[in-house]
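Both complexes below contain chain A, partnered by chain B and then by chain C.
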Partner chain A sequence: MIPENIMNEPSWYESSARARINGLLDAGSFSEILGPQDKIMSPHLALFDLPPAFDDGMIIGRGLIDGRPVAVAAQEGQFMGGTFAEVSGAKLVGLLRSVASAAGTSQAVSTVVLLLDTGGVRLQEANAGEMAVSETIRAVLDVRRAGVPVVALIGGRAGAFGGGGLVTACCSHIVISEQGRISVSGPEVIETNKGVEEFDSHDRALVWRITGGRSRVLLGGADSYVKGDISSFRQTAAQARNSAPSLSLETLEREQERLEQRLSSYGDCRDTPEIWTLAGLPTPDKIADLTEDEFISLLAKGGRRHDAR
Partner chain B sequence: MTDWLKQKKERARRLEEVASLVSGKVVQPADVTALLERIICSGDRVCLEGDNQKQADFLAECLTRVDPSQVHDLHIVQSGLVLSEHLDLFRLGIARKLDFSYSGPQSGAIARALDQGKIKLGAIHTYIELFARYYVDLTPNVSLIAAVSADRNGNLYTGPNTEDTPTIVEATAYKNGIVIAQVNKIVDTVPRIDIPGDQIDFIVEAPKPFYVEPLFTRDPAAVTETQILMAMIALKGIYAEYRPRRLNHGIGFATAAIELLLPTYGEQLGLRGEVATHWALNPHPTLIPAIESGWVQQIHCFGSEVGMDRYMSARPDIYFIGHDGTLRSNRLLCQNAGLYACDMFIGSTLQIDLAGNSSTVTPDRIAGFGGAPNMGADAHGRRHVSDAWLKAGREAAGNDGPLVRGRKLVVQMVETFGEGMKPAFVEELDSIALARKLGMPLAPVMIFGDDVTHIVTEEGIANLLLCRNADDVEQAIRGVAGYTPVGLARDRAKVEALRERGVIRRPEDLGINLLQADRNLLAARSIRDLVTWSDGLYAPPSKFRNW
Partner chain C sequence: MEKFTIHTQAKAVLRGKSSNAFTGVVASGNLEILFERKDNSLDVTVEVMTASHGYQAVWEAVIKDFVDRTSPGGVHIAIHDNGARPDTVLLRLMQGARLMGAQS
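For the complex of A and B:
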């Protein structure tokens, strides 16, 4: 059997941040802000004898998806693990603030799309990175309050961990692929601090069962599930703005209630198949082994997993 | 008068000694060590089946528990020395002499044991070389083997990993030796008879199934852009030029990249059906996309691979499958196929010197040879022709004619800098230092330069067939050695002259666009993609999963 989408479509997971942006936006529509030619680089990495990047691993700008203006930010997961740091953080926060202040004007965009691919804060500039995460969260919420949905696309090699996991969870809508991962403490961090008995970071099947795309979307930690090719991300990102809930007190209260209920139902589970068993899913031990088409039809049968974010 | 029945009488004596420990052919696991103490005598040649994938691990453990004052000075003759128990036999003084082929994970421990004088080394062989000696001067007195199941008459089902078993048993059983088999299960009827029961003396149900390591699974996610470039160079500069239909691939990432490019880049080059249709090959998961897109007609396997069984059973047109529906592999026959019936061997190596000799030896490791030297050797006994074989022979001879025989294409792929930025090209192989240190009369060389026809690096191809003297060879190798010290010491003018003659071909000479060397060119970029290609039939072990 020849799987057409693997053969004919570039993979999101494999592609660079720039290739993802190119595949996501209408052809030729991307206009970058503070691009590599401006050489706004980290002032800290040289202290550690580490090479900087001309864009500090954060690409921001504006473009069109299906003719609608969007703001886009993409982390390059292959540079320093796609980290939040002083320059990269400031670029992201600046973009988000400009979107919030332009809302309702002729400069307004319809959506912000965040292509997160990150292990979290860059350790070499940790204080600046932590501040960047909190400023990003605040700016994301300001954009959402201004009525502009923020859509996170998660399917890169680094996943969305640490502060990246927190930022993702604050977005209006999360699109994820099977390879995508979302969490706060990464598998290696848990293993280092709590021991291999608590979490074996080398057991890749376990890592994906806990943090991976299928588990996240089944638990309501992501809203849309896509096959891993760039065009599937593009199609879903174009639709996502329509189903984003408003950021109201009512939305937050409903989400709080959902999370409390989730904790009381599944809080004692040690692994996701236990949750799927309690949730009455068919073949709870085989969720990871379903083909993409089988899993997507399983999701469709279940209806929406949550209606608030 | 000469006694012509000494071996037969000795065999009968030993069987009599253990009669009280067995019931028919069945031995209880707890009695195995006692049985071995009586059935094995000091000085015996013993084969403790250690194949590439399958090892008689329970019997190995039992053998380490025999009393060394009763059983000592054994001569171990087996292809793979890969379990720590295999080394323990020497450490404990049970075994003394060793003839083997491959050590893999124990390569460091073997080097230390040799250094400490714990092992008296006979020789390091290639697989078929050792198997050949089983029938001449290294015939085992006792063989301890492994199979999946047995019936009470000792008929064995080896499962997909048949590997060395028939070869070992034949040599032992027909020369008055004794064969003991550990099996995962004793059953009423075996799915098929791989080894007839009359060649088996005893069977024991092992407490745990024998362990099989996935040795041939290369994760597409770990294939680098440099490897993709090298694969493109090989496909366009060698596959498209010589059109080898019958071949063997090594197990490294460079050849995995070629396998993953067949349905994409190979298709663009119009090579489907023209090259790589018949294989002597382990069941590489990375070949699944090429099989599924119609490239491959037939594959014979040395052994099996973890997770591939269901896929292969469902593709009996491609693989050799028993009437029971599972793979039948055979290391001796497949090695022979690789030596005589293949037009090309292409594989990775660690070090290449200025004469094209290549080696995987590092100063403190003796990994042995396995099968590569046979796959990567021109078979002088070959008489049948093929276009690829004749073309290579004519390039080497520089002319054509009824007495110009062909050559096997032997291609070594290597990145100019290996792991830890160690240069792959060297003035002198590390194996020479090792031979000096251990007093070996012949340094371990994986493939000798006179068998190598092409060297592929990310800098291009050096075609050694077109070299006319040692200086040509040296400069051709320096010419593709990039920024390594060996490469930097090249004679610029000579290298340019070799490029004019087509001895060296750079990617741009082949019309290869470097920017096309992108991971998106791979037909599968992850193990998960391979599962999708296989229609869910390939079941990779957990350590390779990322879903």
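For the complex of A and C:
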């Protein structure tokens, strides 16, 4: 249910990628790189008889959040499922590389904000898309090594699946809403390969119990939880850079230890309520039914804070 | 996918100072439109790429309606459509014309 205090606010989930950027950045501060008028489009879609998009579904540029310079990239989840492909991938990788090489100069940005909304690689240009994902991961890590936090904002219709899930997990800080989903193999992929008894992709409650924002943040798969309005994403994105850990061997070893512990504690569980029961959360069967305010106060009390990512 | 270009004449040059404008998304039942100001002529060209086949006559009717309403002379319009209905197409065209004139 939509909390009353944000009922009339623009919704992240409902907005286009451009509307999200406009709401995220200081008014009028967005300066787009390779915008629609440059017509840098996919050369592959015509072979499949599909109309292209002028920006190939990836909007990149620079702007300000609370007066601080940031680099921003947003996937349009409604175009081809918000995909990683040759042109869209090159735009994202180029932006990240420019941030890494500008770190410490007068052109430096304080943060990179990634508005991921994707089912993963675009099947019509899969090889280029797979390469784009691996180049993106390398570029994200280079940006973090250069001392610039990379913050992922997840709350779009397509979620962050496939390569999008991998890229998200490599970021310094992940902000998610209840609608947001993160995973690698999506529900349909699991059902296709392992059968409906393994995972029923039409069971929306199950999909969100496993991949949704509340479960991800409770398990440490996301770092901040926000209500689904654009201004909540903006506020949290503005603060996230302060708590982002540096990418060091020590950080990675702590993260490895946390994940090993999580696997040994919960590895046998078949569904998330079993995990919440073991974790000692109150009302383990009712996490999805809590109001946003109730859930946020539960997180504040019982949530696992960790700074290793 | 079907591609065609519609050439027509407007009664006046499109108002406003913006050199280009962009609106919409190539989502299911939606379209994106790029307006580019070419010159001070009355020529209007509309380049359509649409996922739906066999609707050129409908496109011509919608574009005639739009040209009658806004007189977008001197403008080139490029459309990527993914099955938008005629009312959505007209809405996006009107949004584009508004964006072109927004900074006048």
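Quick notes
Here is the rule we use: the second predicted complex is superposed on the first by the 300 of 309 C-alpha atoms of A that agree within 3 Å, B and C clash if a C-alpha of one lies under 4 Å from a C-alpha of the other, contacts with A are read in each partner's own complex, and residues count from 1 in each chain.
Assume a residue touches a chain if its C-beta (ideal position, glycine included) is under 8 Å from a C-beta of that chain, and two chains touch if they have at least 3 such contacts.
Everything numeric in this text was worked out from a predicted model, so none of it was measured.
When the two structures are aligned on the shared chain, A:50 is found in touch with chain C, with no touch to chain B.
Contacts of A:79 after superposition: chain C is touched, whereas chain B is not reached. Note on chain A: of its two partners chain C and chain B, the one contacting more of its residues is B.
In the superposed model, A:214 makes contact with chain B only, not with chain C. In the superposition on chain A, A:98 makes contact with neither chain B nor chain C.
Across the complex, chain C is touched by residues 16-17, 35-37, 39, 46, 49-54, 57, 76, 78-80 of chain A. Contact residues on chain C toward chain A in their complex (touch as defined above): 1, 20, 22, 25-28, 30, 32, 34, 36, 49-51, 78, 80-82.
Chain A makes touch with chain B in their complex at residues 1-3, 6-7, 10-11, 13-15, 178-179, 202-205, 207-208, 212, 214, 288-289, 291-292.
Chain B contributes residues 263-264, 292-293, 519-520, 523-526, 528-529, 532-533, 535-536, 542-547 to its touches with chain A in the complex.
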